[in-house]
Amino acid sequence: MMMRIKSKLADFSVGQLAVLSLMIAVFVVIMVLPLVSLFARAFQNNAGEFIGFDNYIAYFDNPSLLRALWNTIDVSLSTTVISVVLGFLYAYGITRTNMKFKRFFRYMVLIPIFIPTIAHAVGLISLFGRQGIITALGFEIELFGRLGIILSHVIYTLPQAFLMFFVTLEYADGRLYEAAESMGVKPFTQLIKITLPEVKYTFINAMFVCFTLAFTDFGAPIVIGGGYSVLATDLFVQMTGLFNFNMGAVVGTLLLAPAVLAFVINRVTNSANMGAMSAKSTKLVIKENRTRDIGFFVFCSIVILCLLGLVGGLAVRALTVFFPFDTSFTLANFSFSATTGGIGSFFNSIQMSLLTAVIGTAFVFVYAYMAEKIDRFSAMRKIAKLFSMIPMALPGMVIGVGYILFFNNPNNPFNFAFGTIGILVVANILSFFSVPFLTATGALKKLDKEFESMSDSLSIPRWKLFLRVTVPLSFPAMLETFMYYFVSSMVTISAIVFLYTPRFRVASIAISHMHAEGVFAQAAAMSLLILLINVLVRLMYELSNIFHKRREKRRQA
Amino acid sequence: MCRKGSLKVRVVCLLVMATVIVGALVGCGGNGNSEASPTSGTITVYTAIENVLAGRLVETFNARYPDITVNLVRDSTGVITSRLIAEANNPQADLVWGTAASSLMVLEDMGMLEAHAPEGLDRILPMFRSDKNPPTWVGITAWETAFIINIPELEALGLTVDDIRCYEDLLRPELQGHIIMPNPASSGTGFLTVVGLMELYGRDGGGWDFMERLDVNIQDYIHSGAGPANMAAIGETVVGISFGFPGISRLQEGAPVAVVFPEAGSGWDMEANALIAKDNINPAAKTFLNWAISDEAMAIYNEAFPIISTGEGGSYYGFEGQNPVDQLIEQDFVWIATNREAILNEWERRFGS
Amino acid sequence: MSFLQVQNVVKRFDHQYALNDVSISVNKGELVCILGPSGCGKTTLLRVIAGLEKCDSGKVIIDGKDATKLPASKRNFGIVFQSYALFPNMTVIGNVIFALQQKSKASKDELETRALEVLSMVDLISHKDKYPRQLSGGQQQRTALARAVAISPSFLLLDEPLSALDAKVRTKLRGEIRAIQKQLGVTTIMVTHDQEEALTMADTVIVMNNAVVEQAGPPTVIYTNPSTAFVAGFIGSMNFIKGDQETAAIRPEMVKIVGYRESYDYSAKVSAIEFRGALTRVFGRLGSSEEFCVDVSSQDFSALSLREGAMMYMQVPREHTLFYPGAMGRAV
């Protein structure tokens, strides 16, 4: 008997099954059940009775609600086209030209992800509003409404699109270009015939990411959208203006549409995307071409000027008494009213973001390891992978309201977590899960698959292999995940607006309150502080990366 | 006209007729208060009162009741209300404080409010409390439609503040594309403005006709009640249809704005308090509710809100020589509550983007 | 004495057979090479033996005990992967000690002594504190081997252990692996697609194709007496001559080129001549299509004075000709 138990335990699959089940169970609790609690409402009337698709019929019968849907598609498509094109060109400039200050351009374009989307809108108003700095130069645009939303979304999604293209273009296979060169293929033809096919899947992925982000964002339309209604504001109005949770749930399900579509299409493209990179790829040598370099330099400079202008727009508001009517310098806006949480909310944000980053990174890597590096339980792993991609499409507000409905129930065994900092951390971990999961999976895929076979043959338990080998080898990716979680948690609003606790207010919520209360200057000041801490974290990340690379080099020398 | 600190000018109030009326009406309200209010505990309070004000109020409360810990959840009326509704199964809040009465009526319909007569109820004007006895909610302040006007921008259009006194003035052709108004579906202020216009110009058609004409001049309908005031303050619009408080706050902070209360009267709503119905009612919540209508609290509300529910408002910027309560038009809250959805649908049909 | 047996093992991946009723037997202390083209199922067979892959049916018997359901960790083998799977964040000796720790409760000093022992066996003592990336391919390979034998396994599995190395190092390491294997007397199963490697190193060669075992036997038997046309074509060079009922096969070195006056079996027009050092290979065409080649020692070749386009005449000794049923069933 003892022997049998021992041999069973030694068969690591039992442990693996347990961990995998736990991971899936966690997702069921933190995502599936809250979503079910919310979406069940889409099929109920106010009395809680099941009414089938009546709410949907009512939705599609209501021209103004339907208009919000078309508006959303309109701004999301426009955003997608602009962001993807700009992101591609920008990444192309940095990876495939010899222009100057590439490193500077590469980091500066990330600015928008370091500040809350509400702050993008505040900055835009400083630039393009009636009293805007750029408007004063005679360049007038109709900022509030469709155009403002698109501008805001482009700012918000451009860094994401850029990062995706950057990764793809950076690891180009130089051999293809050398071959084309030797055949006398013209540069433009090379672009069409080699570069574009190389980034084809990135194009598709970037389009979905931009589209989904724009489709579900709430911060920009609420501030700068004016009366232009989109699904996210509609959801907000249904929930917080009309208290119609059932219709809100209907809108919530519609917000999931791009994700569902992305998933279907991803299944098609993914299978074709295998094995594009071989170990024998050679580094691309960039040819001399001054015209091209100057062109891209000008282009990248314009983009960066716009982004810096945005920060400038925030800065003038934060550092003047009452922009634009009293522009004398002051630091008074940094002494935040204690009642919006004061400076304490800033430190709370840091605390929450650190917790999110630490726990989130650990969770993501264990999760990705279970999904990627186990060769059994393929059905469960498929579920795990499916789960991992859903959060990307979940608007924060859907998560927030779902959490209230699910966790705030005395019969729920997890009820104790409600109203604690814990629920904010969990909501953040879930909200931002998809990107770190892809990072982690990518890093794990690069590790030799035979490590696992090796460890099985040596009876090294998987957890030991994970801690001793996988973790150290994935260190750069873990750092990246850590940073991503930290930065995202610092700027998020919508996921936690329904969940933050009275004793624990965070800076991004404070900004939305300051904005709502009209103290734009303090909102701008707080945004600058968030930008500052996020830039600091990014700097630390870059430094530790350099340090890590040096150590790797020493090992190779 | 735009003196700083005008709010602080507290004039001894007019003799309040209300005291008499209320004394007669509310005699029965006081009998629920026999149990002593505890002076220690922890309470969770949901409120839509502006941060600055709410913070000061809680400080003052704690000076009197240092052993009661107040956990404050502050957000916009909409968010607070939907949070309460979402939490209906297991209310986290012990009480809701300073949140739109129109929202509290929604909660009342859902059976979420516990009838409770706080001490000192007899001082509250009848128009500012629920018609139940003991009342399900008790008002503390009212807020009312106001125009927040950016003076330099207005003058750039060739107008002066004196040109904008009443609703009709908003129809001036110079103002085309220069007025921002809140969306009534997402803003309580927007809703009370729409209701006010319907009461003033006619529920059946006159109100809508006026809004159609106003629509020509509207730059945008936005999702926040204070937003139009704030936009006017930074010059992003010329006239923001909003309510008094944010306008006066911006004025004090140095924004070049004037706050105008329309001559014909304002649509209004009140911020009210209520005890949340749940299995274990927190006794310290009642201490807070008692204090929340005390003179001490009212005095602080009054710094920001000309209209407090005792009617003892005093003299105010924008209400020179007038009792601010008189600014409020007559409104039938029952009619409003029953027609809320129809009004919003009609508005959405006409003006939704 | 049979140490390890695989009996009627079947393994499918998505309805495709990787192993279709495969049975093999390995004697104690011998080195067995599983040889076959890529995709033939040889690596799957190795992984089934290791317990890293579960078979759909059939049995694996190790040392007389049914091990079919035994997990990899209980089978007590050492393994060297094609990629070596060295942990890059550990030094050479760190890799070996990490492996030893799992199987032994011995003290740190004892583990280190053992590690140094195996590292000296593969001549890596001077590199013991280096990280894998600081080593050459051959050194990495030997580290992996040291790690595999450190735990004193009852058998050793090598999965294409030399395929990532260049030709010279590969040849050298063949000898070293074989020497260590003999020194330890450890039963070893090696997977390779390189016939030269199999023929030079193995006691027994198992040739696989299309998920089945074609032939198993000592290298000389496999070479001189391939039991199927596939084996005949896969191992070394072979000329096939189609007949009506059967196909004849003969190795190029067994064909003798003779003068046209002598009696000959076939004649062909020389289509190409390849100088291969000690040997020269002469290609010709029989009739219109079938290519035919003959190996001649380069010394003899010069005496033949053959050139492209000339006719050559060949004797095909009957005793060296093999016959397979059908008109050349499988492709070469």
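Read from first to last, the chains carry the letters A, B and C; within each, the first residue is number 1.
FYI, a contact is a pair of C-beta atoms (placed from the backbone, for glycine too) under 8 Å apart; a residue touches a chain by one contact, two chains touch by 3 or more.
Remember, it's a predicted structure, so these values are computed and weren't measured experimentally.
Every chain gets a centre from its CA atoms, and the centre nearest the mean of all protein CA atoms is that of A.
With centres computed as the average of Cα coordinates, no chain lies farther from chain B than C. With centres defined as mean CA coordinates, chain C is found 51 Å away from chain A. Between chain B and chain C, the centres computed from C-alpha atoms are 87 Å apart. Spacing of chain A relative to chain B, judged by their CA centroids, is 38 angstrom. The set of chain C residues touching two or more other chains is empty. In chain B, no residue reaches two or more other chains under the touch definition.
Remark: chain B residues 44-45, 50-56, 71-76, 78-79, 81-83, 85-87, 89-90, 92, 103, 106, 152-153, 180, 183, 185-187, 219-224, 226-227, 229-230, 233-237, 246, 249-250, 253-256, 341, 344, 348-349, 351-353 touch chain A in the complex. Chain contact summary for the complex, chain A toward chain C: residues 7, 10-13, 448, 450-451, 453-454, 456-460, 468-469, 472-473, 555-557.
Residues 47, 50-52, 70-75, 77-79, 81-83, 85, 87-90, 98-99, 102-103, 131, 133-134, 151, 157 of chain C touch chain A in their complex. Remark: chain A residues 63-64, 67, 71, 125, 129-131, 144-145, 222, 225-229, 233, 236-237, 239-243, 245, 321-326, 337-340, 401, 404-405, 408-410, 415, 418-419, 497-498, 500-503, 513, 516-520 touch chain B in the complex.
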